[in-house]
Every structure is written in structure tokens, then in C-alpha cells.
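Below is one structure, written out as C-alpha cells; comments come after it.
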Amino acid sequence: MTTAPLDKTVPLAKGRLSHTQVYWLGFCAVMAVLIAAPLVLPVFWAKFLTEILIWGLLAMSSDLLIGYTGMISFGHSAFFGLGMYGAAGALLLFPPNLWLTILFGLAGAGAAALFVAYFSTRLRDIYFAITTLIFSQIFYVIIFTWTAVTGGENGLIFTRPHFTIPFLVDFRFTTPTMHWFVLTLVAGSYLILRRVTRSPFGMVLQSIRENEGRTRAIGYSVERYKIVAVMLSGLFAGLAGVLYAVQNEFAAPDFVFFVTSGDTVIFNVMGGIGTLVGPIVGAGFFQLLRELMSRIFGDQFPYLIPLGFIFIVMIIFLPQGLMGWARRWLNK
Amino acid sequence: MSAAADISSEPLVRVEGLHTYYGKSHILHGVSLDVGPGEVVGLLGRNGVGKSTTLKSIMGLVRPSQGRILLNGAAIAGLPPHRLARLGIGYVPEDRRIFRLLTVMENLRTGFDRAGVDDARRKQLLDKAFSYFPRLAERRNQPGGTLSGGEQQMLAIARAMMLEPKIILLDEPTEGLMPRMVSQIREIIEVLHQEGVAILLVEQNVPLTLAACRRIYIMEKGTVRHHCAAADLKVDDPVIKQYLGV
Amino acid sequence: MDTVIQFFQNFPLDLLLIQTVNGIVTGLILALVASGLTLIFGIMDVVNFAHGELFMLGAYLGVVVLATTGNFWLALIVATLIVAILGAALQVVTLRPLIGRDPLNTILATFGISLILQNFALWEFGPVSRKLPEPITSHFNLFYLQYPWYRIVIAALSAAIIGGFWLFLKYGKFGVWIRATTQDRVMAQAMGIPVPLVYTGVFAIGAAMAAASGVLFGPLGSINHTMGLDWVLKAFIVVVVGGMGNLGGSIAAAIFVSLLESYSAIWLDPSRAVIVSFVVLILTLLFRPTGLFVPTPK
């Protein structure tokens, strides 16, 4: 894929500017909007937006596997959840320190990723998908039943750490600053992932997705690439978990439940797999729809039924997701 | 040569201007041919010229991008293969492709287990198959995969016969067979012809084809280059050498 | 020496035997569920994520029909039929358009279906669990316990359904069609076998098996909208351990896993006993990834 991913807010400027320039313009525009957002939006929507970014990060991490390497994973709830619980651990066991928290979270997610990565190399496609699903449930059961350590059903509650740079800065997060912190990490992750997918490494991943046998025949150690892909994916998912924990100040087993993985896959498909930006869009789309439906139809409305229908319809008729559709529409 | 087949003006199968692609490869560049009711027609050509693809297109296994295929005057291009089998087209592919894990009986069953065939008729068909192919009768409960190459070929043809087709598409039936079996194939083609079944025979074996068929088409690079009565060609004909010579 | 004698005296032999019976009972129900799943996968290459929800729907429909007619066996038949038809409809509408595409698509589509069905059940029946009363309430003496006859009956029924299906596959016309289609889809079509119809039929049969298991399981536990997930997970484990697409393997694996779980339930908390099946899965994947009960690893 050599065309630059197009951001949703920028129409394709024909002729004058190169794709790359248009892309970066678009990127800056979106960033500007996102930075300004918490200053203009009411608190609820600002927090809503922050959460979309966090889910978007989770979905992006999953896209690395689904969209680029061709491995469907239903196990991201494990990475996310362990990132969350890892963060909780750091905040409960030690004096609250933001960076230590992140470290713990990443370590937790990394451990899970290592475990999954090992099996990823021995299983293909469907077997891998099912196994990741089962693993995420294993983690769920462990977390749910090991009440002494994880608080079981009730989860863990803790306080948000301050934002600290040793000797320089120390302040509590407010809604806007929390948002900006999350935004920085998410945007940074996006840029890193983008770099990775466009690097030779990323090209090999895509080659694995297209035709694993041929990639191996050419001489690439497919196993190694898959392991790295899973590790990367797991780490970023774990980061999302940490951010969620820090943002909301609790950790709950619900997030390690399969549903989180399922939701992630939905974000990916709706937004468009293999686009990195798509999943974020998908996450936003999904959350917005859900919020809208609960406002119009009330809390008890089973919003997942119409969303499920939309999901299936998109798979059949719009397999490229929203981003793919937008791309085609913009390219006319 | 076979008894004169009834050539009415309406061909049983007509292929007109067929273009077919495998992915980006343009395999058939406008193939046209006819097979009359009960007629035995041969399709000759080197490897890779598109003979098998032509058969597959008629059988609906490959979708043509352009052109028409008519069965008794009705357009059939684009219909699914199982419909075409029911409409009377039998297909015996290269490498036979019998159901290896099904027994001989079960293989034959897939042919006569259809609507409109009562038990008496089924028995009739089965008996016919076994009388033509006694070796199959001996092995009726054996899995298809345990049969020898020649026996599998018999089974593939018998199976197609169970459909009571109007035309059988035979793709290189003698490939990989011993000379003794080749003459058996010749006899089977004759028998089918006697029953009024049309045959479109794709072959590399020139003498067999010239002996068994009434008319010959020769293909090269995805089109029909030559068409004549079989009687007009000899095995060492320059035309044969040109299109089939090594 | 004393401790050894003590150990054997304390060894819950009778409990072990009771758990063996329990394990076989649940194992056979699980085998029925897994058979449907492995059938659909083996023949259509579709991983049916919605299988658990079809099981769940079967159970709920059983409750509804039982409430209206008062007859358990009627409920079993009607629920199975309705879900079979639903399964056929789902296949035609959502899976047929996806034939030929990346298998990823069908996994996602069936996942979408499971979401819809699960939430529909929640919406229609509410979050409170239902109970399906046993049709046969008599018991017999198994050691010091009054063991319900019903459990034996469902074990027998499950086995009968599986056996019946195996016979159908081997001798029935549709069975031959299914086997031919599995072996060579293209030639099956060339022989006049309506392959699209075969696929729909297979999915319907798989769905029916799931629904029947749901109704049969009903009296053994509580029925709620999330029960599908537990069962489909176990069924997946069983299918992988037994060898994907291997009917006999799935059945053996189902009983094996259920027995192990039943035994562990003696010493472990039931919610933890579930880990046993996970462990079996991991060990299988590590050492015999093609399946524990597959004759030769390919």
C-alpha cells in the first residue's frame, strides 16, 4: 500500500499538493481539533472523547495483527486487562508514580503477549483465533477467582497518580490535562505504529498476511516476525489498559472478559482493517452510536442488536470498513 | 467409423466466442464449436491451449467473461454446475476425481440419486453400469481410492453415465492408461454413441480421436484453428504435425 | 503404613464413581454440541461463533414451549425444529454471500450473529435465569445418593442422536451428498449435487444439534443469556483437542474433558474446575496440535 492513509476531515487536494503533504496537513488539523476539544466540550463529552482515544489505541494495536499480519486475535482483552491490573498493582503496592505504573502495566501485558506469542507461531488462522479467545477467558477466570490478589468480582480501586517529571513538574491531572496526556501517548503510538507498518518489517508482516507459505519460502523466519508482531500488539494494548486505569481509577475483571476483545474486533472491522486510523474511527463510531441509542431509546435498549446488524451488513457489503469507503469516495 | 449420427440443424451444445480468464490470464480467446445430438466430436491441441478450460466453461466450473454457451438452444453460461448436471451435461475430468473415500456404489449413487428416478430405474442404471464395467461390480463396496488408475477411469465414466446425460465431456480419458485400457475406452465411447449420448472428447491421443470421432476441432493458443471431419485427416497429416507436433 | 491405609480409606471412591457418571452425562451433551460445531467446520470451513447462542436459544425455546404445552418432549422437538430453520435462514442470509471470501469474514459474521442473538435473548427474556423442570423426576439408588433417572435418559438420548446422525451420514442420501461435498466440492456439483443447499442443510443440522443439547441440558443447570459463551468455549476446546473436523475425536475428547472436570470438582471449587479444560487444551497444543484423538499426527 503506497497511498497515504487519508484522514476523515481532509478532502483530497488535487494536483497541487503531494499525498504526503496532504496527509500531514490532515494529521495536524485533526490533532488541533483534538487538542482544542476538552477546552470547548462539556466535561462528559471531553471524557468521552478521551475514552474513545483509549479504545482507539486498543483497536489500533489489534489492527497490527488483524489488518497487517492477517492474524485474528480475540485475546486483546487479556492484554488490555493485564495492562490495567498491572497498573493497579503499581498504584496499590508502591507510592503512586505515573511512570512506574506504565511500566508495570506494560510488563503485565508483555508477559501475556509472550505467552500468546508462543502459541501464535504454532497455530494458523482459525486455530489461533479460537485459542486467543480461550486464553482471554483463562485470564478472566484467573482474575475473577483469585480474589485475594485481584479483588475478584469487585476489582480494584485506586487513586490517579500525578503527572511528574522528577525535579521539574508535579501536578494533578485535570480533565483537559488528562486528555492531552492520553492524546500524546495515543498519537505517539499511532506514529510509531505507522512507522513500523511502513518499514521493511511491516512489509514482511503484510507479506505474511498475503501468503504465509510464500513468505517462508523466500526465506523469512515467519515465526520470529509473528512473535514480534504479537508482542508489539500486546504492549500497545497494555498501554491502553494502563491509560484506562489511570483515567478511571479502577480495574475490573469485566474488561478481561471476552466482550472487550469482541468490541475491539468490531471497532477494527467497522473502521477498516489495515488502516491504523480506521480502528480509531471505528471505536468512535461505535461509542457514539451506543451513546446516541441509549439517549434516544433509554438505557435498557439492547443497542448491540442494531449494532450487530450494522456490523454484519458491513462485513458483507463494506468489508473495507468506513475508512475504506471514505477512501473510495474521496478518490472519485 | 461410427454410424452416421443424426445431424439436425440444431446443435445440442453450441459454444460461441468464448473468452475466459483465470485471474489475469486470458486463456480462451473466442472459442466457438458445436456438438450435434449423439455426435462424437474431438478437441485436439497441445498442452495448455485451453481444451480443458473449454470443457470447464461448458460445465459451469469456470465463468466466461464473454461469449455464449447454448444447450439445446437455451443459454446456460453462468448457471451453476449442479444445474447443468441435471440438465444433462456429464463431466469426466482429467485425473478422474472420483470420490476417494466413498465406495464404488456410493460414487455411482451420486449420479442416480436424483429427483425423478424411481427405484426400478435406479436398479436398471446400476445394472447397466456393472454390465459395462464388470470390474466395478467386483469392487462395489471398496473405497474409490483403492482402485487402480484404469478402474478409477471406468468409475468416473460410469458415474457420469448415471446422470443419463445428453452429452458427456471427456477430458483426456486415456492419459496414464495402459494400451489395453485405451482400446477399452474406445469401446466405451462407441457404446455411449450407440446409446445416443453425445461426446466432446479432449485428447492428446490422435489415432484414438480420429477413429472415434466424427468431427475434429484443433485448438491453439486459446482459439479453434482448424475444423474438419475426422475422415479428412490422417494421423500423419501436416495439419496434425503443425498443431500437435513437438 | 498407617497413612497409606488412611489415604485409601479417605479416598472418595464412591464420590469418584458418581462423578464418573456425571462426567459421562455432561460429556455426552458436550459431545452433541461439539459434533454440531465440528460438522459445520469440517464441511463448510465455517467457525460458528454463534453455536453457543443456538444452544442457548434452544434452551429458552424449550422453556417457552414447555410453558405452553406442558410436554417436555414436544418442547425438545419444537425447539430443535425452530432453531434448525433459524440456522438455515442465517446461513442463507449472512454466510452464503461470504462463500469464497477469506475465512476471517465468516468468523466475524458468526460473531456478529452471536452478539445479536445474545442481546435478543437478554431483551426478550430478561437477565434473570430460567429453569427448565425435569421431565422425569424419579431417582434410583447410586451408592448413598438418589441419582436422578433423568440424567441417564439425556445421556442416552444424546448418544442416540449422535449415533443416529452418524448412521444418517453413512447411509442416507443426504449423508452421501455431505460426504461427497466435503471431499470434492467441485465434482460434487458436477454430479448434480446442489452444494449450496447442502451447506444450508449442514448448518441447519448443526444448529439443531446445538438446540437439542440446550433443551436436554436445561434441567441440569440454569438458563440465561450468557450460557452460550461457556458452552461454545468448551466445545471449541473439545473440537481442537479432538481434532478439527474429526467427529469421533470430538466425542472422545468431550467425554475425556468432562470426566477430568468432574473429577477435579471433587477437590476444587467448581468455578476453578473449568481451568482443567484449559490446561488440557494447552497441553494438546504443545504436544499434539492436530488433536489428541487423531490416529496419526499429520
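List of remarks:
Letters A, B and C name the chains as they come in the text, with residue numbers starting at 1 for each one.
By definition in this document, contacts are C-beta pairs under 8 Å (C-beta built on N, C-alpha and C of every residue); 3 or more make two chains touch, one makes a residue touch a chain.
All of these numbers come straight from a predicted model, not from anything done at the bench.
By number of C-beta pairs in contact, the leading pair of chains is A-C.
Seen from the C-alpha centroid of subunit A, the farthest chain centroid is that of B.
Separating the CA-averaged centres of subunit A and subunit B is a span of 56 Å. The distance from the centre of subunit B to the centre of subunit C, with each centre set as the mean of the Cα atoms, comes to 45 Å. The distance from the centre of subunit A to the centre of subunit C, with each centre set as the mean of the Cα atoms, comes to 33 Å. Those residues of subunit C lying in contact with subunit B across their complex are 173, 176-177, 179-180, 183-184, 186-196. Taken in their complex, subunit B has these residues touching subunit C: 59-61, 80-82, 85-86, 91, 93, 97-102, 106, 109-111, 113-114, 159, 163. If you check the complex, the residues on subunit C that touch subunit A are 41, 47, 94, 97-98, 101, 103-105, 107-109, 111-113, 115-116, 118-120, 122-123, 229, 233, 236-237, 240, 244, 269, 271-272, 274-275, 278, 281, 285, 289. Across the complex, subunit A meets subunit C through its residues 66, 70, 72, 119, 122-123, 125-127, 129-131, 133-134, 137-138, 141-142, 144-145, 258, 262, 265, 269, 302, 304-305, 307-309, 311-312, 315-316, 319.
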